[in-house]
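Here chain A shows up in two complexes: once beside chain B, once beside chain C.
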Partner chain A sequence: MLHNVKDNYITSVKNHVSHFEEKSFRKLASNDFKSWPSPREETWRLSRLGILSRKELTPIIPNFKKKFTSSSQFNGSKIIRFVDGALRADLSSKLPPGTSLDTLDEEDSLKCFNKFKDSNLKNHPSINVSFSCTPSIVKLTIDKGLNIRDLFEIIYEGGDDNLSVHPALYIELKENSSITIIERFNHLSSLIMPLQLVELKKNASMNSLKIFNDNQQSYNLSANCAFLSDKSNYNSFSLIKGGLFTRSETHAYLKGENCNLNLNGVYLSSKNQHHDLTTAIYHDVPNCTSKQIVRGVLGGKSTGVFQGKVRVAPDAQKTDGQQMSRAILLSENAIANAKPELEIYADDVICAHGATVGEIDNEQIFYLKSRGISEKKAKQIIITAFLKDIINESVEEAMQNFVFEEAELALSEIISKEI
Partner chain B sequence: MVATKETIDKVKEVSSTYKYGFVTDLEAEKAPIGLNEDIVKFISHKKKEPKWLLEWRLKAYKKWLSMEAPNWAMVDFPKINFQDIYYYSAPKAKPKLNSLDEVDPELLRTYEKLGIPIKEQEVLAGVAVDYVFDSVSVATTFREKLAKEGIIFCPISEAVQTHPDLVKKYIGSVIPIGDNYYAALNSAVFTDGSFVYIPKDVKCPMELSTYFRINEQNSGQFERTLIIAEDNTYVSYLEGCTAPQRDENQLHAAVVELVAMDNAEIKYSTVQNWYPGDKDGKGGIYNFVTKRGNCIGKKSKISWTQVETGSAITWKYPSCVLKGDDSVGEFYSVAVANNAQQADTGTKMIHIGKNTKSTIISKGISAGKAQNTYRGQVQIQKNAKGSRNFTQCDSLLIGDKCGAHTVPYINQFTPHARVEHEATTSKISEDQLFYCLQRGLDTEQATSLIVNGFCKEVMKELPMEFAVEAQKLIGISLEGSVG
Partner chain C sequence: MPLLEIKNAKLKLDNKDILKGLSLSVNEGEVHAIMGPNGSGKSTLSYMLAGRDGYELESGEVFLEGQSLSEMEADERARSGLFLAFQYPVELPGVGGMSFLREAVNSRRKFIGEEELDHLAFVKEVRKVASKMFVKDEMLKRAVNVGFSGGEKKRFEILQMAMLKPTVSILDETDSGLDVDALKIVSEGVNSQRNEDNAIVVITHYQRLLDYIVPDFVHILSDGRIIKSGGPELALEVEKNGYAGLINAA
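Presenting the complex of A and B:
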């Protein structure tokens, strides 16, 4: 049994806590980290972490002199940089008025910790480890009624072999505010455990774009929790292409009526990559809508996992929950797993999910070939369209090209080997 | 079907809500209460079983002791005390029955109440029936006619005596003794069940049928069914289940194994109507069943059709292992859960051979405070090139206190296959209801009509005899759920 092996990392996480002065929440968190999740735990059955218990890992001590390596991709964007998991104000842009970036004190950190612990993410290893080891919990606040026109670009980088990094970000949008945030994960670390808490107050609206593009040897176990109040709107899109093992787990709680959630994602996997998109949407109140589209393209010996749960609470009448996942396998040795799940306790709802797994439709290839296009080109066109479709639907227009170019880089890697 | 109609009316006099809730007053021979090695030996001895089978049972018993009850299903019930159950209960009848006339008349009356008068069925429907009453098989009709074709249809305890080679070869071959907790328990203490063997190139000329009934208090029923279809054969098998109304929960842990060789087709239909417990969830049957079919041969086909209306708790996943190239697996299910019933049911389709195909149609209906879960797995293994799966699970909710859940798993290990899954959840639409009411139906009739329409895709897969009964059953099960 893997999990009975004495795990050095657990000890080093506990030791790491002693580096800090404010300890209350760190002690609680490190006490809860007793082992890596076992494959017998339902949510980790398809994404196994056993190998982490055999790795020599220690939490990173951030180097505040380190220079950054990833440059901004957008003209005029407001940049927030995390290096080695720590916020680097010196490398970040000056933020517009009405927005603030603070590190939480001990009391607020504990509150933030408890918010995660009250959610169904509470047993996620990143919650326990990152709350123990994060340099600080950073909070981005957008003031009431403020519509931020500038694009916020958050870049995470740094880390090194055998080290784990722990960025933690808490985003709060006050009433009637709105923002677009793009986050790029470009770590070099062995293990990355980013935390994110999003709180949308009444009528707030957030577009979130995440691009996971860590080093080819990395494990990224990102844990995200979002709480939506009345009439708020959360539009999230994740592109997973990097790392050896990337799992993005998002739990969204629809707590106010008439809110709207889009939780879309794409994974592009090649070689021996393992990509996992796990989501849970909790419709706790009536009259909310949620929509989810997930697509994956798999080559090499890669594995793709999509687990999506929609839970409709007993009184959440008039819920509209839609979910669709599709995966295309391009290689003999790739594996696709899907587990869309509906848990419904209210009767006046419209909920549906669909999932398909397969190779490229032969009829579509035939159609293009009959028009003089080579098979190779035909396959490229079909896959490109497969991705463009979802990107155009999920990402706001100004950023579609950027996202598509990011996707195309990974796609060409897969296609060059398989087609 | 006149006879069936009459008996249904008759039965309605006997019991209002659960029409099979009567108890037959028969003297029964029981093993001491509880479970230990001696009980396993006692059962084996009672059945005059050969040594290998006793050893097989003991091995299963030891395995069971080392296992834990599964807890992943979305069902909630107090822990079962396995020492509080009678594992063997047989009606004390004459030692050997030569014809139906010698069957205890009390027993025959029971079957009449069940709506399956043996004599009637013999003449009218031409169905060969095996009756399993608590733990032992009572009578099998039409044996001779079947024997002429070379078909063996008898209680499994008898097959152990008369065809030990076949039983030894196939028992546990589809569901090994340690497959799961309840299968291990069944392997240790199974008391009877049906055995069917269809020899090469024979199409079974009639529907084979079994009725299971739990009669004794505190007794569990552990039957085991084994169906083997050799090359180029066809058989359709029907299974019905009932139990009397009791305050305690009773356990039913059955195992059904199907084996289909080249070009063989097995159609297995179930109408499960065990006592569901009363309105508050008191009493009822715990139905923990392992059913699996092995499509070994090329172009073989196994089709499961089930209508699940009874049981306090259902934990049941009839599955197909599609080993043979071009083999086909099908699963059609209607699961109705009302009041405090909990159903966690679905299927597994394991595609191993090339060009294997599977279809899953599942219709779940929840009413009252019931929880109804579809749980299914479709796995396409590496060599299953050209395989295809289509899954559709729809749930219907009646009332705002019930729940409907869908938990499908898709695992695909080859690009050359296609898996599609669709699921929807909704309630009966106001429009449909209004349309029916406008034409003079009351709410209850309208609901029943709409629900039956919702289930039609599955119902049409049932053999005639069952379809009529099943449709009525669904109506009865949903009584009191509207208005």
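Presenting the complex of A and C:
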């Protein structure tokens, strides 16, 4: 604990909520923000936040007149825009019938807060700080039986130096509904603490794509919690490329039988970037499958972290949980950490994990060179294939090219410096 | 001038002498077979020729069409017309067969001043050659060598050879892992590329490949040197008496 360090931000957060009533969820949240996680806490050991306690930061007061800067990347997508962490209905699309976008009242906000507090994310700093400081908790609801054909594009932007932003989104898919959502994080802020709660009711299906591309000085501490009911399907892919420090932490609770979860991701890191994909998957009931494939490419003095916990409860027989992480280091000064954790209390399960960290395989380089392909081109081919492979496996076909092009932009920057 | 000339090649691996003064001269239109027991230096020879890192000569020299290879990286050697068919072709997950071939062929074409082939022209050309090698379209859509059978891997090697049209091809134990039918197909593929302007060096353990790819010359490699050279009959002698008799006589 960092009690002895004078922390301006803790004071700023308390000031921010000072005019709310004592029983407000904001007050409750801010009371729980007593310090930043210590590096002695296992899940923060590889991603240290000490520097945040020494920064002069204050929570942003959203400017509702601010214009947006990130334009849509898709024709005909339904856009939902958060600027400075606040929903901007005036800059968002009209949503199709059967879908709604609301801001939660005090009572529902407290319920939402408690759902996070009942999860193992309860001590995540973003939970306490963003519930204290978010302009409002926004809920996207998809009605029963509705299969949304339009792509939903959620763009998060705004912020400024020395300010923190706090978008909070609650997505509920009712029974038998489905949707594809792409979220793009394009902030200019010092600290970004996005919250997301996903609830998939029986037989609901969600494809989620997240692209973390905040500015090069920012810290993004995204905290996500997902609850899956019977036969629901959550397919999530994150591409982390921006920010100085981006950590996306997702906890998924498989609460209903026969549900399926994919939590895949890629991080592309250069210079002194720090990228972290932390996940926890809780198999609480039988007959569910979960899969995690994470790949990273690192150059410069960057650091990559993948921490993945899979917990299989004693009753969760016939669980199939797979986890695989691979990182390619293109620079001698880059570091990749992989920490798979399996906690299995059931006996009839299939669980596998594997992790590799290394340079590009010399055999592969030699094979390509022996065909007349230059070393530089050979490395490009191998890394590109490394990413294309996982993108094609994780992302629905219509979105693959977009994701690959987004990855390629970051990749070419790493490659141009290292190869 | 020979197409390939190896002069007194000496090479160490892990401080151990592997090639101990190997010389060989291969002319246009010739097929040479290099036979030898395990550990005689056969694979080291092929890697040394192809320019693999760590297989640099300690002394001696190698010339491809009169040009010294010593300062050339593996990719430059390949573009200049040297081809190695791997004993164990390397898997390239995520790299499609067709795009890999095109990248390779265009690297060579660019180097020798020919126009690079566009996608359509290239696909047409590959299909023509591939059908002769019994390489199906479906195989070219898959990732290079991933999940290929032993026979498919070797057929794909020879397809690469046919597409790259090398001046000198080194076939490293191309018969290993092949049944008789696959051996025939691969050998026919190689034979169809024999002509007056190129040369092929077949490195093998067993005589049986030489029933299908009939060499003009056979050399026995033992302990890092060529200890005996002759015609195709030398391979039959190995088959009959084993390497031991020849090595003892030498």
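Heads up, the rule we're going with is that the second predicted complex is superposed on the first by the 410 of 419 C-alpha atoms of A that agree within 3 Å, B and C clash if a C-alpha of one lies under 4 Å from a C-alpha of the other, contacts with A are read in each partner's own complex, and residues count from 1 in each chain.
The working rule: a contact is a pair of C-beta atoms (placed from the backbone, for glycine too) under 8 Å apart; a residue touches a chain by one contact, two chains touch by 3 or more.
Just so it is clear, the model here is predicted, and its values are computed rather than measured.
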{"item": "Chain C versus chain B on the shared chain A, clash or fit after superposition", "value": "fit"}
{"item": "Which of chain B and chain C A:Asn362 touches, first, second, both or neither", "value": "second"}
{"item": "Which superposed partner A:Ser370 touches (first chain B, second chain C, both, neither)", "value": "second"}
{"item": "First (chain B), second (chain C), both or neither touched by A:Lys388", "value": "second"}
{"item": "Once both complexes are placed on the shared chain, angle at chain A toward chain B and chain C, C-alpha, multiple of 10 degrees", "value": "70"}
{"item": "Touch count on chain A, higher of chain B and chain C", "value": "B"}
{"item": "Partner chain in contact with A:Glu332 - chain B first, chain C second, else both or neither", "value": "first"}
{"item": "Superposition-derived minimum Cα distance between chain C and chain B (Å)", "value": "13"}
{"item": "Overlap of chain C and chain B interfaces on chain A (superposed complexes)", "value": "none"}
{"item": "Touching residues (chain side chain A, partner chain C) in the complex", "value": "362-364, 366-375, 377-378, 381-382, 384-386, 388-389"}
{"item": "Chain C to chain A touching residues, read off their complex", "value": "50-53, 73-75, 78-79, 83-84, 86, 89-90, 92-95, 100, 103-104, 107-108, 111, 143, 160, 164"}
{"item": "Interface residues, chain B side, partner chain A - complex", "value": "72, 380, 382, 395, 397-427"}
{"item": "Partner chain B, residues of chain A touching it in the complex", "value": "42, 314-315, 317, 327-332, 334-359"}
